[in-house]
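Going in written order, the chains are labelled A, B and C, and every chain counts its residues from 1.
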């Protein structure tokens, strides 16, 4: 690869890693701070991506809209739509053990996937939504560096929001709930409400990541999401980086994305006839990596502040 | 009417498969207190174990099923001993995440060995039995009969043997089981063997009913959990009722809605249950 | 040979220590009572003897053998049985199944032992097929004791066996414990009904804030002014 190609790849790599960083931060609000398990990350991500796509594309008979609205409106819509889905699912499960939330999130992700695939009027079904404009394309042009800058700005925004939340009294209540739910309840706090807020906050960020992804890629379809692997990667990123630590979440996103991309180079070397096996092998490696981390260093690379050793 | 009865038959078949999966989920939850997310993929593995024997050694499917059971049981024990056992001392929530990773890893293994495509145990069309306008495939009869036999055997195991009673005791009160001298590690191993074995048959049955595919088990995970929750998670007997209710509802729903949304029906029932009666039909360990 | 010896036991549940250097012993055939205010660490001490709490310092010796590092199921095999203060039956199992679980580690025929238990607690015999969760508090307490006796232990640990019982049941329970003790089984018991307990026991310990303050014969403790003030209602 010559220098120009390398540069292009670098920009592409960083952009995608940035999107994962936003996802990991969203999951950190839910799992890291509050102890909630969301196996439907990809679902919230997809809702965000489709919402922003429908809001910002030009009018078409192929799917709902489009509404030709500006990029930032699309992103805001993505956050709101994911948040609304989260309110629905959270309302049902917030009073129950975290296992129930985990199970419910597989369900919601599955239903979202089926809807995207089957409801042509809304999403154009398997044909997908093309022509999603790049961020600020009218004023700033189509340079990929602009997209990268925009996405990194959103990573900073997400980091700032989550970090603010973490050190706030609200964040302390969340951690208290995670450590000792009964104690918090005894102190007269509405545990379910705090949990719901955290769940919606995290899901909103995932929606935001979805919106960014749509504008960055320009075309989305149900196939583009690989729902489970996406969710799984985000989990590995957060656990590897350090659940509960926001810098850990961002670091984990970049580190695991680098590892994931590197395994692609290795499996590409195997040649096209082994493409599916190579793909499976990559996933297997990451699956094993997760177990190794959980057993040997469950606190991740950057442990949560004020917490040492195994949990 | 015929359509309705036909769907009832499909529902009972699906319900039998779900029941076998949900019992394992429930037993494991009762003793180890976590939702085992790799259960669907153990089903998949079981289905492919049998497939290897059918294709590789020319076994008939009924003869390879017992081997699949043993394979599923050993697989579950192996996963527990290498991974879950080391995580048991931390919160159950970590076990859940770990099992999610195991699910993904198992699926990759299936893809690596058997490829990503659909497979079937036997090509060609089975001659169905006809009862008036109703069509019953021989496989359907075997699936339901197999499930009845296995559930009966499990019932006898849980109520007549010392080990089965110890499993119920541990699920009731872990601390008391320990101070009574019940060897918890051994009981946990047996629990995995039973859960993994039943999941493997469920997988084989699913493969007989439809086809084999690396995602077959994961796709059934939601209805399996729904069945376990409906029956009261941690209560293996509830899982039977839960499995049947979910299986029947999923099939009967196709009279009114698009069949692709079958999983949504399971989900809706589960959510309804969580709202009105989170402890399940039969008081579980919510 | 001393049956049970607890020496300088310090430990707790992982956080701050609950017990601070507790010493205690039970001789063969003896009945020993621990009294103390709520939260003193009485239950914790019982659990510590059974390997259920983190012990930082000190040791638990049973017949001079150090059992501190053993797991609960290994301790049971030494001949100690334990009836916890709460949740001491398997609620979804029948009475008989509960008793069978008490004898899990026995490989011989347990029917004679079951019959002995049913003779000793006729109420349990009448209800052998009843689900434990549907029984009254008094019946559960009997069942819990029956379960613990299934192994013919040399030492029985009882944590507040009369808690929540009616006065009639309390008397009955003390009577039964005395009979068990007369059969040669050593008893270490935590009790809130200090007066009655001290009256029947050989020796007693007063535990406060994780330390044993006073130990003496039951009669002397009953006569002790401080003890009377603290626990016997003046």
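By definition in this document, a residue touches a chain if its C-beta (ideal position, glycine included) is under 8 Å from a C-beta of that chain, and two chains touch if they have at least 3 such contacts.
This structure is a prediction, so every number in the text was calculated from the model and none was measured.
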item: Chain-level touch network, classified as line, ring, star, complete or other; value: line
item: Pair of chains with maximal C-beta contact number; value: A-B
item: Centroid distance [mean C-alpha coordinates] between chain C and chain B, Å; value: 42
item: Averaged-CA centre spacing for the pair chain B and chain A, given as whole angstrom; value: 30
item: Approximate Å spacing (C-alpha centroids) for the pair chain A, chain C; value: 54
item: Per-residue multi-chain contacts in chain A, two or more chains; value: none
item: For the chain C and chain B complex, residues of the former touching the latter; value: 50, 52, 71-73, 76-77, 82, 84, 87-93, 97, 100-102, 104-105, 147, 151
item: Contact footprint of chain A on chain B as seen in their complex; value: 29, 34-35, 37, 83, 86-87, 90-94, 96-98, 100-102, 104-105, 107-109, 111-112, 115-116, 218, 221-222, 225-226, 229, 233, 258, 260-261, 263-264, 266-267, 270-271, 274-275, 278, 286
item: Contacting residues of chain B [partner chain C, same complex]; value: 162, 165-166, 168-169, 171-173, 175-184
item: List of chain A residues in touch with chain B within their complex; value: 35, 37, 39, 92-93, 95-100, 102-104, 106-108, 110-111, 114, 117-118, 228-229, 232, 235-236, 239, 276-277, 279-281, 283-284, 286-288, 290-291, 294-295, 298, 310-311
